Amino acid sequence: MPDISKALYNMRLLDDLAQKDSSVHRINSLVKLLTTVIYLTVVLSFGRYEIIRLMPFVFYPVLVFAFSELPAAPVIKRILLVEPLVIGVGILNPLLDNQRILLGNVAVSRGWITFISLFIKSSLAVTAGILLIATTGMGKLASALRLLKIPKVFVLQLLLTYRYIYLLTEEAARMMRAYSLRAPGQKGVRLKHLGSFLGQMILRTFDRAQRLYDSMVLRGFNGDYNTGIKEKLKLKDFAYLVGWILFFTIARIFDIPNLLGVLLTGVIV
Amino acid sequence: MNAVNTDCTERNGLIESNKILYTEVDIMHMADALISPIVGGTMMAASAGIATYSIKKVQSDMDDKKIPFMGVMGAFVFAAQMINFQIPGTGASGHIGGGLLLAVLLGPYAGFLTMCSILLIQALFFADGGLLALGCNMFNLGFYTCFLAYPLIYKRITRGKVNGVRIFVASLLSSIVGLQLGAFSVVVETLLSGKTELPFGTFVLLMQPIHLAIGVMEGIISAAVIGFVWKARPEIMERTANSGAIGSISMKNVLAVFLVAVVLTGGVLSWFASSNPDGLEWSMEKTAGTSELEADGWIYNVMSRLQNKMAFLPDYSFKTAADDEVHTSESVEKWPAVSSGTSVSGIVGGVMTLAMAMSVGAAIRLAKRKKRKVTA
Amino acid sequence: MSHHKLEVRNLQFVYPDGQEAIKNISFTIHHGESVGVIGANGAGKSTLMMLIMGVLFPTSGEVLVEDVPLTKKTLPMIRQRLGMVFQNPDDQLFMTSVYDDVAFGPRNYMMDEREVENRVKEALEAVGIAHLKDRAPYKLSGGEKRSAAIAAVLSMQPDILIMDEPTSGLDPRARRRVIDFLKNFKHTKIITGHDLDMVFETCKRVIVIHQGKVAADGEGTEILRNSKLLENCGLEMPLSFRNCPVCGRL
């Protein structure tokens, strides 16, 4: 269960970070959501051999990171946690695509190019996602979804699932501790116990979730999640959105690094 | 998602890759980087369509107790997906998808929605499958289990009489079929996106057997959990069994919605992204009445350049192991980066851009920290 | 000022598995009364509270709040008058900060944010945790959580406050704080629990529940001295009524 408590800790951390105040935190949530999605789309639209042209896109996560005053270490740690996943998938590329490509004077397997490209794209995507949640938080994100006219049922379902995850993982950790204290030397739950273990977990958490839901309803909850903050669309939100979209479009169409390099080296390609 | 040493030798390529891919990576949760925007967008539309339909069906059936139960099941499957179990005999580990469990305990519509919310949370918080791959994941993990395996296999076997044996057989079969279909989808979606070099045959050989084993495990575990809940609180399952009969009629609706969504979005997106200027000319004819614009020549140039630049269509290269060089599409994405990527200016520019980004970021952080110190 | 009257008439409740939790309960609680509902575990106290709050609906009989019967339709209106603090504060606190949890109720009623702020401030000060308003609930100690849960209900300014085992699991100081708060709370209150000393200090009237029925209903000082009655119902006399364990004197 170390995985679960680690995951829970991560979620809590991101939740806490979302409560901070910074210029980025204050940007309208819907704007941040849209910007992130557009960013992802554009970054992932690059072909599999592109590396250099991805560089300008580093500006987005770096700037957001800088302006949001998020602590560097925990966020970077979160990002690094996902890398093995990507490495695992991409590491085969150098093996499978053996065509040699000349890079300047060095012959390199083309598979390495695709691998690096994949790695960069994935890192950018992951970072963007984490930055979104670390500067917005689940509550405001849910409001943003409602603004997109996503039905109350689904958003409520999302919020509750999110809240209950804490409950349930606590319950799971508790049960796991009790189990392992009576099953020394065993790593994990034995298969024949898994059914009732999981079943108990569900039922217990169900009772608890029912009580939690009751307490919400008893305090007037009727499906609409009111965070008390009426997010208005201000000029700076609009500027944020338009500014980034413009940047993404330009960086997608024009090969900025190359132009820059041309300027610097005075070599005409 | 534990890091495993990525040591691999070329010698036993297939077996080694098997181990790495499997023990490290949960392919059923596709990562963003594997998906091209078109595939991602299409699947997103498909999943969104199904989700909307499900929401409508769920709203009419909603009672106060169902909401927290959906939330709990969502949290449960979320947590369960983090529990890895050893698959006996293979030295590998896996975890359950949970789709079947959700379908049985909540009904297919609520189950699908719950799966969607789980995946959304995972995408936001764990980058487990990113936001763009969300549509694919919802479909792979949710559709096949809730709308195919559940009604066509599980319900049919447990119709009339529910007992331990039937639950077991039904769960086993449904899980296996659901996962096989899901795994195959992953293969298709990845290849259509053209983001890895894995040839079709190899990929299939990797995915299917592994997910067969997982399917068996998931079937057994699901059966155990379902059996437990059924014995302890049968009223939960009776409610889902009686509500919203999944007759062939509603199935057809779901499939119809899905097909329409796929065709529409896939077609529209592909058309827009097509670097084939015919598309542009056709629209020119329709709007301006001529296929040639003289006064607006400048716009046309910009537009066609735009189209060329935004060639989203990836390589549709179904590689075979023997042949590396087969490019069957007419996409613009060849190895154009060769020119800028290997040229000095390109590399210099790239490094400069990166350096600029980093230094700007660092400068801002420093400035902010100084400001804090002053105002503190 | 209307009289906040709560009446329970011939209440009966049977669980889906056939267990009859409440057999036939009737009583009336008047404005400003403080009533302790005591009984052994499983006697039906919590179920009774659930029925009063409208979380469960009786198999027969009815609950009337200010002479208005509790039905699905009148539920929202009646719930504005009643506030219930659950036994386990973790069941009640789920936001990311104490402030948000306490603000949850008023916000659901679409109040102006300034009004919300006032109410939250008042509620937090009433229980003495104003300094914790930005803390995350899961980081609080047991006593602080309990206070936060109470504040979360107080911010709705209910006419009748219902508390399920308010002192369970608290250390002596936290317990004392809760007791002091209850003594100062002048509105109608219903308190269930095993902490008979607390009940004695805070409630004038006591209702004893035994096996789903009312075993006694009267003055707290009288009932809590009736050791035979208490023992028949699975309870004991409060500790403060007994002999000193060290010197043997009362």
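A, B and C label the chains in the order they appear, each numbered from 1.
Here, a residue touches a chain if its C-beta (ideal position, glycine included) is under 8 Å from a C-beta of that chain, and two chains touch if they have at least 3 such contacts.
A quick note: this is a predicted structure, and the numbers were derived from the prediction, not measured.
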- Centre-most chain by CA centroid is A
- Where the centre means the average of the CA atoms, what chain is farthest from subunit A? C
- Note on the structure: Between subunit A and subunit B, the Cα-mean centres are separated in Å by 15
- How many angstrom between the C-alpha centroids of subunit C and subunit A? 42
- Task: Could you tell me the distance, in whole angstrom, between the mean C-alpha positions of subunit B and subunit C?
- Result: 49
- Query: Which subunit A residues touch at least two other chains?
  - Reply: 163, 167, 212
- Note on the structure: Note: in the complex, subunit A contacts subunit C through residues 12, 15-16, 19, 137, 139, 163, 166-167, 208, 211-212, 214-216, 218-222, 224, 226-228, 230
- Query: Contact residues on subunit C for subunit A in the complex?
  - Reply: 53, 55, 76, 79-80, 82-84, 86, 88, 90-92, 94, 96-97, 100, 103-105, 107-110, 113, 116, 136, 138, 152-153, 156
- Note on the structure: In the complex, subunit B touches subunit A at residues 1-4, 6, 8, 10, 13, 17, 20-21, 24-27, 31-37, 40-41, 51-52, 55, 58-59, 62, 64-65, 67-76, 78-80, 82-86, 113-114, 116-118, 120-121, 123-128, 130-132, 194-199, 220-221, 223-225, 227-229, 232-233, 305-306, 309-312, 314-315, 324-325, 333, 335-354, 357-358, 360-362, 364-365, 368
- The answer for subunit A against subunit B in the complex is residues 1, 3-4, 7, 10-11, 14, 36-37, 40-41, 44-45, 47-53, 55-56, 58-59, 62-63, 65-67, 69, 79, 81-82, 84-93, 95-99, 101-104, 110-111, 113-114, 118-119, 121-122, 125-126, 129-130, 132-133, 138, 141, 151, 153-154, 156-158, 160-165, 167-169, 172, 188-189, 191, 194-196, 198-203, 205-206, 209-210, 212-213, 217, 252-253, 255-262, 264-265, 267, 269
